[in-house]
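The structure under discussion is supplied below as structure tokens; questions concerning it will follow.
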């Protein structure tokens, strides 16, 4: 039995349409609706709805809160938790900033820590949201300890992951 | 055989997601993609992509252009056209303004003129776009000459149609 | 306010996938799930789940039961009902047989009686089910008294409607 | 750059609806339509449409053909191929039989060989097809050499995988 912790922070992946304003916004987490479309055998999911923000508006304090939530689940000391993997939903614009900081502050995590997001909101046709969530939940069960960006068929290990804006994807840069 | 003319002007119904800006916008008509999901027997469709605007930004000149396009298809004189009905995709915010103006300038149309739109973009889950387009195309084949707002299961005849913003629907007000 | 009665009898439109047998079957009505995807203003719906059958297996007694259900809602005498329209979900293979019988037994209905179905089950991609249900609910609000087959953008009045199997659609034959 | 080979054999995952018979059947591979819904970075896919069969009707010779197709891509000798992983779409009823045979005949594959399928056809609502394909393509990039069944969030390594029919899932039995 896998015990995954899913931390939601907002981002494009969770944006929904506000019919009165006519705009997309991060109002609350919709991860439960996404998960309802997946079949997951032998998996227990714990969901932590941490914040609901466009990642362009995330502050250092926000990232600090993410690090602390991750540490509680995946830090080197075995705490009162049996978590076997952590998945973080995050806006793609600053996903790499958060990934680097998690790795800096938790350099030896006990389990895999997966950051993911989407180029199109879950609620839109042709969205990559469910694909990326599917891959991330799967990855949290098969990858070794570390901090990763998972999307579009690939797992990229931090450090050195950056968003390549023109191609709407993540790449690994080697120093 | 029915000969319908479909005039697109933009509005929420046709808004698409721009992955680089992360926002919804009226870039171009997506009516052909919507129509590809319908099965229409004995129906010929002529599509006029007139403009692609949020209806809050429509000017008097824009509305004039819509009236002229409608008049060419549905005006009282039988022109070189065999159109049996007209459907106009329009933003809901000022749909009623355009409907009243069409009726004022073409008080005796030859065929039914249907205005429709959507509260959620076609490209979003739980959108009412395809429902409203389906109803409008059907209505153009069964209603008599006149100017109508068709959506959410109903046909409301102009004059006297207004958007009831709180309930996200159209109602008929009787003077 | 419209008061529609929706009578479900099964047919392809309501077939669902049985994961243990791997086949499609009429198990129970799924019309409530279909209706949940529509926005209907000023409409009260009464649902009668009459039977759940492939229309190739319908007996004369089944059709008799449909006629009686329709008569109770739409017969010439105003009974203890305020129904303003009736929609019947039906398999397309013998939809025309049932339509002719309803017209024969209720030649002067008080309200429109709409028969509809689908070529592909509601639960399949590219299904025409929701389109046909949308059109039928709309038609029940705008057509005059009579018995109709509504689908694929059109309303065909009985008598004289037949399924044109090769083209997967209904046509009107004139004697 | 990953070079994946996708071998299609049919099964529930690829069944489509035949409008004239009203039944589901394996007519041809629909894997290209499924893949069109995924975004895959740095991935080259080679598709081999080997057969289109309900796995209950697979013969020993069919399984032999699958083994030979896999051996050409993933056998121990590096042939004229740069394949880095193999994904096989297969009916779930006898997927485990084929998996055991592949492992017996290719005990030391060069790359990961993933078998997957679905409990509901891709073309039906609430299908697990796209989830399982997503997981399998991802798995082919991160798992080590071996033969696996991938679905519903998990990778199970052969030998010892069986379908637990009542729960509609695969489990690993330890001898």
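Per-chain numbering from 1; labels A, B, C and D assigned in written order.
The rule is simple: contacts are C-beta pairs under 8 Å (C-beta built on N, C-alpha and C of every residue); 3 or more make two chains touch, one makes a residue touch a chain.
Remember, it's a predicted structure, so these values are computed and weren't measured experimentally.
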Using the touch definition up top, find the fewest steps from subunit A to subunit C. 2
Select, from A-D and A-B, the pair of chains that is joined by more C-beta pairs in contact. A-D
Express in whole angstrom the distance between the two chain centres, defined as the mean CA positions of subunit A and subunit D. 28
How many angstrom between the C-alpha centroids of subunit B and subunit A? 41
Mind pulling the subunit C residues that touch 2 or more other chains? 119, 126
By the document's touch definition, which label belongs to this structure's chain graph: line, ring, star, complete, or other? ring
For this structure, give each pair of chains that are touching. A-B, A-D, B-C, C-D
Sort out for me which residues of subunit A touch subunit B in the complex. 12, 17, 19-20, 22-24, 54, 119-121, 123-126, 165, 168
Could you list, by residue number, the parts of subunit D that touch subunit A in their complex? 2, 37-43, 119, 126, 128, 130-131, 134-135, 137-139, 141-143, 150-155, 169-170
